[in-house]
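By written order: A, B and C. Residues from 1 in each chain.
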């Protein structure tokens, strides 16, 4: 028995390493000088330097404007998506209306569209509206995947609220809208938080739309990283620093909200919907 | 507040109107951002829109699709898509299942593993692709190469060698998304009531029998969900492969959506690119429909 | 106190897909009455209650309150308060806020709200718990909080959906009495759903017995107990329920198996019948229906003796030790007017 547990623990430790290694390795590398990076066998003890970070943050190809762009686009897209999604999800979860199931399927189906098929019309549309390489253009396009995803997650949270609580509020003469506001929304506060995190993560990590529909003014951190690699071919320490900065927000969010993310994943998984 | 009953809205009607008010903004946005572009895409797939040869633009009927049928690069990309999707999804689920089963037996380790599982999932796929291209798979300096050299298996061009590239990108996708399968299946396992196992033990069922006859059927819904979701994602996966290989070397990792992208944006043949995207969409819808029907039938 | 109201249901029909859940329910409830809807699970009693509340759509029929047709009014427009089986308290609000909620929703001024909340809480004796949240209350306290929330508005109609079913047996008995006293004090028309016939019998002024979406009898508890309208009602009411045995009427006598007894009443023709005898109406004597004791259930201050009569098991309730042993041959005696007769085919009372 002990041998068995030891074996399993060893296997689990291996997986732990495999999953966390890239992030930890990048973190480590970001504090090395370029010379130390190329050393073989790889150095674990070295004199750390912040040069890479200062270069990436304040150098010629600073990541700061990109971090800012990502933040703006992701925040606005998330806020807008949640504002629209929460009432819609409530309607889908609780109210009776014709074509209710059809509407549900429709929302689910919109998540299955391959983004590559949508960018061509988007590009042409935004071009006509002179909205290429603008924040508003990108935020609206980001709604494409943020909105159905948010709706689908919130529907399952709304379905968990006991019907009788709603009915009690109606009988207490609250009316539908006030019942939603005073009684039901407080019940799904946790769900709203989790969904917001997921939607934000998704938007922050988006690449295809950002690279095609963005440009010089609106360049998110994912696009910047992609360009990084072609320019800074062998400046790996700098690349590592850039990647750490680019991913720090989502990693921190992920670690902080880790328990909720696990719950949210499984909730979303049971009811449908997904991440790209 | 008294109202006569005739001619005025019933409770059901008022509920419907309320629902419509709540749904309207969402439906408007969805129709604008998905249905309208989709129709446009369909229309464009019937056009000949070649920005590199503008003179030839015009309505082309089903020409694009006819061309596709005889396009070996298309069939290759289709084949690659199926291999890629099948391989990564099956591997994710198998490893995730195995891990979840193992981890159930070491309750102390579960917490640490759950935290570590978050890391691959929250990273941007494009950054994951870049990570692997540089730190992991680069010849001579990447981690994998260091290991293979240390094991005496030599150095290889993991992403540049056409034979290895496909395996590499499959590995990348699998690395990033196995934790998802792991977390979902683990949650499902943790929710199983322990008394049925005790009953099974009393009925003298072996460990394998307990797994096969009790555990597996009970976690099947979770596995099915994971299969469906991961398949959908794998079919439209773009950023990681794009960052790692760009579809290359040559067309060795050019799955269908990458082919569509390259046709539209590198070769500027929008009409043909649109038709490729339409085919990808049709395949995605078909597979998802099949999977959902299978799921309901069981 | 609160303005009591009359309630009428006319021809309520409800369908659920191809299934008809309610086959035309007619009810007239007087002002201030404590009216119970009694029936087994799935009989339609809760559905009827919810239709009264306006929470459930129906396919035909009308709901009339105080002579006004309220069929199309929203639940919030009917001046109805309801206590749900699960209590449906708002978990994120304190007990005070829960009770205050219905008053706040109609814009009651703050001082009135405070007075109303404390008054209602005092009536159900939870005034010392006002700052707590529902999650911190026991089951009984939660139930009283739900009650307070319902009575604080002084509604015209008070609906209760199996409010005692989540309480343990002892608490159930205590709360039953309290509920009854509260209703008497408030004088509000109350409709009460339960599947527990003993509960309905002890607290209601009148009972409507629901079986499979139909009302099979309406009457006072005494009516229903002494004069069940059919074998279905007879079998449902009473603990243990009425014994039902096949028999025949022949020339003025009732014959059950090998036993014959003179029928002390007029107007019943010959033919096959079902004979009903309450366990409490039977006793052991030297002469009577023959049987063999199968099992004795000693309940302390009373006993239930299971006696095999022919092919059937008849239950006899005795007040003290029964004085019989298992396997013993006995005779069951009953008074002539304790005999209930039902038509064998239709089950209706004769």
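The definition used in the following text is that a residue touches a chain if its C-beta (ideal position, glycine included) is under 8 Å from a C-beta of that chain, and two chains touch if they have at least 3 such contacts.
The shown structure was predicted, so the numbers you read here are calculated from the model rather than taken from an experiment.
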| item | value |
| --- | --- |
| Pair joined by more contacting C-beta pairs (B-C or A-B) | A-B |
| Most remote chain, CA-based centroid, reference being subunit A | C |
| Distance from the mean Cα position of subunit C to that of subunit B, given in whole angstrom | 56 |
| Distance between the centres, which are taken as Cα means, of subunit B and subunit A, whole angstrom | 16 |
| Junction residues of subunit B - those touching two or more other chains | 12 |
| Sites on subunit C at which at least two other chains make contact | 74, 77 |
| In the complex, subunit B residues that touch subunit A | 12, 15-16, 18-20, 22-23, 25-27, 29-30, 33-38, 40-41, 44, 99, 102-103, 105-106, 109, 112-128, 130-136, 140-141, 143, 146, 175, 179-180, 183-184, 187-188, 221-222, 225-226, 229, 232-233, 235-239, 242-243, 257-258, 260-261, 264-265, 270, 273-274, 277-278, 280-281, 284-285, 288 |
| Sites on subunit A touched by subunit B in the complex | 5, 8-9, 11-12, 15-16, 18-23, 25-26, 29, 37-38, 40-42, 84-85, 87-88, 90-92, 95-98, 103, 106-107, 109-122, 124-125, 140-141, 143-144, 147-148, 151, 176-177, 201, 204-208, 212, 222, 225-226, 228-229, 236, 239-240, 243, 246-247, 250-251, 253-255, 258, 261-263, 265-266, 269-270, 272-276 |
| Of subunit A, residues touching subunit C in the complex | 162, 164-165, 167-175, 178, 182-183, 186-187 |
| Residues of subunit C defined as touching subunit A within the complex | 53, 55, 74-77, 80-82, 84-86, 88-92, 101-102, 105-106, 149, 153 |
| Subunit B-facing residues of subunit C, complex | 54, 57, 68-69, 71-74, 77 |
